[in-house]
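We just call them A, B, C, D, E and F in the order they show up, numbering each chain from 1.
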Amino acid sequence: MESGNLSWILISAAMVLFMTPGLALFYGGMDSRRNVLNMLMMNFYCVLIVPILWVVIGYSLAQVPFENDFLGSLDAFMLGDVARAGDGTTLATIAFLGMFAAITPALISGAVADRMKFSAWAIFVPIWVLVAYVPIFKWVYGGWLGQRGSLDFAGGTAIHVNAGIAALAAVLLLGKRRGEVSPPHSMPLVMIGTGILWFGWFGFNAGSALAANGIAAQAFMNTFLAGAAGGLLWVFVEWIRDGHPTNLGAASGIVAGLVAITPAAGYVSGAAPIAIGAIAGVVCCYAVRLKRKFGYDDALDVVGVHFVGGIVGSLLIGFFANPEFFEGEFEKGLFYGGDTGLLIEQALANGVAIVWSFIITTAILLALKYTIGIRVDAETEHNGLDLALHRETAYHD
Amino acid sequence: MKLITAIVKPFKLDDVKNALKAAGITGITVSEVKGFGRQGGHTETYRGSEYQIDFVPKVKVEIVISPDMVDTAIDTLLQAAATGKIGDGKIWVTEVETIVRIRTGERGADAL
Amino acid sequence: MKLITAIVKPFKLDDVKNALKAAGITGITVSEVKGFGRQGGHTETYRGSEYQIDFVPKVKVEIVISPDMVDTAIDTLLQAAATGKIGDGKIWVTEVETIVRIRTGERGADAL
Amino acid sequence: MKLITAIVKPFKLDDVKNALKAAGITGITVSEVKGFGRQGGHTETYRGSEYQIDFVPKVKVEIVISPDMVDTAIDTLLQAAATGKIGDGKIWVTEVETIVRIRTGERGADAL
Amino acid sequence: MESGNLSWILISAAMVLFMTPGLALFYGGMDSRRNVLNMLMMNFYCVLIVPILWVVIGYSLAQVPFENDFLGSLDAFMLGDVARAGDGTTLATIAFLGMFAAITPALISGAVADRMKFSAWAIFVPIWVLVAYVPIFKWVYGGWLGQRGSLDFAGGTAIHVNAGIAALAAVLLLGKRRGEVSPPHSMPLVMIGTGILWFGWFGFNAGSALAANGIAAQAFMNTFLAGAAGGLLWVFVEWIRDGHPTNLGAASGIVAGLVAITPAAGYVSGAAPIAIGAIAGVVCCYAVRLKRKFGYDDALDVVGVHFVGGIVGSLLIGFFANPEFFEGEFEKGLFYGGDTGLLIEQALANGVAIVWSFIITTAILLALKYTIGIRVDAETEHNGLDLALHRETAYHD
Amino acid sequence: MESGNLSWILISAAMVLFMTPGLALFYGGMDSRRNVLNMLMMNFYCVLIVPILWVVIGYSLAQVPFENDFLGSLDAFMLGDVARAGDGTTLATIAFLGMFAAITPALISGAVADRMKFSAWAIFVPIWVLVAYVPIFKWVYGGWLGQRGSLDFAGGTAIHVNAGIAALAAVLLLGKRRGEVSPPHSMPLVMIGTGILWFGWFGFNAGSALAANGIAAQAFMNTFLAGAAGGLLWVFVEWIRDGHPTNLGAASGIVAGLVAITPAAGYVSGAAPIAIGAIAGVVCCYAVRLKRKFGYDDALDVVGVHFVGGIVGSLLIGFFANPEFFEGEFEKGLFYGGDTGLLIEQALANGVAIVWSFIITTAILLALKYTIGIRVDAETEHNGLDLALHRETAYHD
């Protein structure tokens, strides 16, 4: 492999690693002062346990051999011979994918904020990665869903829809938080997190080309435009609807746009990323209100942003996919003369991911609920999880 | 005029405020304080070093009120702020000689 | 000795401090508080969810002062802190039995 | 009942708390305040622009206490909080009419 | 294009994107608690609206065709055929340049802090980018000023001088803030922003080589040294003059040094970047005091740091430019045996940029002043813009 | 050099530059509110003075010519002809190494927190870099220790052990802090710092391959796994021992794992990085308690994390080094059929670094102690260093 490609994979991997702390700050800033450390810890924990899990068996189960329909094997247990590969491409790719595996469960943490036992989280994460993330990842990349023709460039279905629906399952089981909900304890922290997330997302999406080539450049441009369009539209909706443009709206819209472009980044071009980002910005801006309507307590809107944004982006591929611009072989979207085939595949892939992830998440959490318990007691919830679970307080004078 | 000062648990503040409002008390002033008492503090652990935190977060509620309302106010506070656990806090009452509304210069009961 | 407690709007603090100084009052103690009163709070919007913030930021000014200065101080406060809009705050006065300067142990007027 | 209010230097708080505890005082309420007095403030420099910071960080300690303990408490405070430098702070005492323990509703000395 | 070059452009572009949140934090930390979110929002807004504007018409007007003297055309409207270019170089470059377009108006926000209507800002930014930024950018890069021989490696004239003088025009029209000015509400936020800015500036300057080559390496080294020298000298001046070395001085000096090296980064070498950074550190440390002398209220010293630093760096090219070290063809500076020709061209280019930007900025803001108004009312200013304009508060307990 | 390799060195260098602000935040968050700016300033100061020092004489003394046993020369004073080198490789490498020189003394600042005079620090840093860092660096890289066969991929001995033992020497001379020690004033700041550090560390370690090749990829993977394993194990030890998993534990463990893998990153593979990170996580988690036992006041545990972590990683090379996976020629570790030779060389190199650094640090600080003094007076210590030394306060309302 050319050194330029390897260089791009390596830096992209580092950028995706950086996203988990970024996500932690994004969520942590939105949380209250007495729960922010628990939030940070749930996120950092993912990036401690998942890398190990990934290289020991995750990668092997998810990708080796690539042809398998449903699951890999244990052939690359502890990476097997892979590390021996001289030019570093495989190793770099495994690291890159490991970053994705780490951030996916971290996404869920925003939903379960303020009430989940950290011990339950600590057990949930590795099991969920193995039983929900690894199979769906396999099916989408190389497995039966991918073979049928569904597209997911950088993890719309495998990551955002997957984590988003798991978040919904989790909050349905956990129940609502007690007492009044606090507004974000530190908006500057949220905005730092947003900046890091957007920066890292260039690695996430453009790095998924696994080379520094035209597809990477297009994915990069798309990541730029969709983030901007998502943020812009969310802010405009707020401004018109609520009378005020907000920072949290800008941040949320950027993330919504980025989520939506993730599956599409390497398949669309021209004005499509603007359209996808803008649609996600508007749709998610309304979707975060669903929780009030349906009464589930998705604390930091993982469902409204990641699940809905992921679905939006994934389905829009069915309209905007434009193989002309890319070397890859894939179906045309409806707007470029394609038939509904691609759209149906997109719907199918997401449908499968939703069902599997929802069931698995529910099963794991039910098992935990009736063993060690998944929810902290009322007093801990009132006083804040930071002190009770971690014996730490975020700020001291 | 009397000044009622209540030290309560922070998460009870909303209940307290709502109860006082319901009891017809229209103005209060609140501040964050730290309490030291029977409840004791807690330890926090940083890199295995324990820090004894002696002070517990509390909220102070101050209410200037006409003398005839004092008992109502205290009862309301007792109801709204009590959890029955150590550390629920105190209420104390002091005499106020004058009360003035800054906006109008009104004094006494009119100033409330 | 008297203790004057004034609740004022935060952005008036500098004016208040300067006016008190000009009136010959050499010491005050100030703290951040949150007020609940006629002024009402405001709503904040986060992701389209509205949060009712009932408490308005205020500043509490405490002045221990000799009885003969109380009226001057109140007048000064009224002048410096009033904007004429709801929420300008209150002033109240209570009796102080003893005042001591920690540095010297002086008591009474000497301690001011 | 009496209420003792002491304004002390922040870094003296631990000493004060320990001394009061040793003197048998089991409850206090503490808050962060800013003081203005003889001590004067300081200037801070940002990009060569000087900002006059008039207020010095202080800590306010409030103790409700039975009348017979007041002198002990004041002596203890004087001992623990004095550094001999300007700005050591003040102690003042006011009369408390009622004191109630929220948890139990006990009143008077029992409530301490 | 070699994958290594593309990799370098892509990561550089991501780093420049990261600078706008960095700038937001840098400014936001210096601002007061009740205005920090308005400051963040003014910055983030730039990175929402400008990317779209840039790909729709900005890039086309600014660069297509490159030979035009005064303005591009609409040939690359919505990027036209550009996105079709197989190897991604053009696309990556457009994205890279789009990041520059986004951060330039953001620079201005620091000057107008604490009193400008957000609605006016929202209209001002896109118009300013089209009418002030795009033409000056064109003239300097490919257009008549560049053709005459003036040099601006990464945007001293086109970005810092341009935004700096616009900042001056804006504060002259806006007038002074009411009441006392608060010291920085969070210095740690300022220092986070500084770290991000410096990191990103390597992409900004060394990325402007548009390849991973010797020029990029030299620009990188210069960015390192000038930032350090600027910070060091500012701190030393403070220490000697005021008696105390400060964090804000270090941060400001780093930025001043970076601003000054920006136009020169690909034209100087050896000890020159140290000299340029050091001179900028000293000059800007004194220049931030001008506002007190002349009475304009440049809240966060955009004029003193970006305008003055940009001018300093731009003129010093006339002394330090050293074509021996580079492949490019350009004039020698005075210290390397050149005549005053280059210096005169530098002065001319900046003079033109100053006049144009000042007039355009004034015109836009005057139009806004007499229509929707540009300044918030006194009560909003007293209570803080965050709550009134954005219905948000930066920190909650 | 291929553009891909240069691209990788450049971005790695920028990432290492970013680490110093990251370290500043990591330390600053752990410090108290009234000393945080002094902590930030000590760190930022390093990145202002050292770059200049490095290009003026540091690099020359440390590396030119590479063959010298004990010290370089002044042949590359002010970089000499180096900057002329057309393809930028040397220049990029010098910048990259300059970032290392800057962060090394910054590491020490965490130990001397809350009581060291800034004037003493300002003089200490450049002298220490020249007299402690440059020689040890030379001996390890190209000099006599390296020639004997000791290994230090990215600076375990030269950086972490060196700075860690200097920290010990410094706190022994400075004495304990007065009064009670405050808990971290802002844990979110610590976690931001941790995120930046880990991100940057990929450049630190994988960049030390000085090319985007298989060694870089392996170093990258090792940096990923060792950071994760270090954090995970530290958290587990805490959880079992103290009953609570903490954020500061996760952060400290990540750093400990990263420190330990630093010297080994380009020499080990497979499960070794996990083992090294895990061992460092456990050992350092206990080592930070030594200060209580022995009574030295290492404020932010530079000794416990950097010195101990560096030693652990350096010695473990003697067990885990596995030349099979790399192109480089080096000895096998004990676990891969080697003899104790490598282990002995590792011990020797570290022993030499420890003795030299300890003596030099003590000498410099003693000289400063009896001239300008190294410790602030009691009142400054009580009131906080920020205001007294820098006339700044971290936070304002």
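In this text, a residue touches a chain if its C-beta (ideal position, glycine included) is under 8 Å from a C-beta of that chain, and two chains touch if they have at least 3 such contacts.
From a predicted model like this one, the values you see are computed outputs, not experimental measurements.
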When each step joins two chains that touch, the fewest steps from chain B to chain E total 2
Neighbour overlap between chain D and chain F returns B, E
Going from chain B to chain D via touching chains takes a minimum number of steps equal to 1
The larger set of C-beta contacts, choosing between C-E and D-E, lies at D-E
Across the interface between the identical copies chain A and chain F, with over half of residue numbers shared counting as same and under half as different, the residues used are different
To bring the C-alpha trace of chain A onto its twin chain E, one rotates it, in degrees rounded to the nearest 5, by 120
Here the gap between chain A and chain D, centre to centre from mean Cα coordinates and rounded to Å, is 51
Per the C-alpha centroid definition, the whole-Å distance linking chain A and chain B comes out as 44
CA centroids of chain C and chain D: separation to the nearest Å works out as 18
Shared-interface residues of chain E (touching two or more other chains) are 2-5, 7, 11, 15, 183-184, 186, 192, 196, 212, 242, 244, 246, 248, 391-393, 397
Shared-interface residues of chain D (touching two or more other chains) are 31-32, 44-46, 53, 94-95
Full set of chain pairs in contact is A-B, A-C, A-E, A-F, B-C, B-D, B-F, C-D, C-E, D-E, D-F, E-F
Residue positions on chain C within touch of chain A in the complex are 44-49, 51, 53
Touching chain A in the complex, chain B uses residues 11, 14, 42-46, 53
Chain B partner, complex, touching residues on chain A are 179-180, 382-383, 387, 391-393
Per the touch rule above, chain F residues touching chain A in the complex are 2-5, 7-8, 11, 15, 32-33, 182-188, 191-192, 194-196, 198-199, 202-203, 206, 211-218, 220-221, 224-225, 228-229, 231-232, 235, 242-248, 250-251, 253-254, 269-271, 274, 324-325, 327
Touching chain C in the complex, chain D uses residues 2, 6-8, 31-38, 54-55, 58, 60, 70, 74, 77-78, 81-95
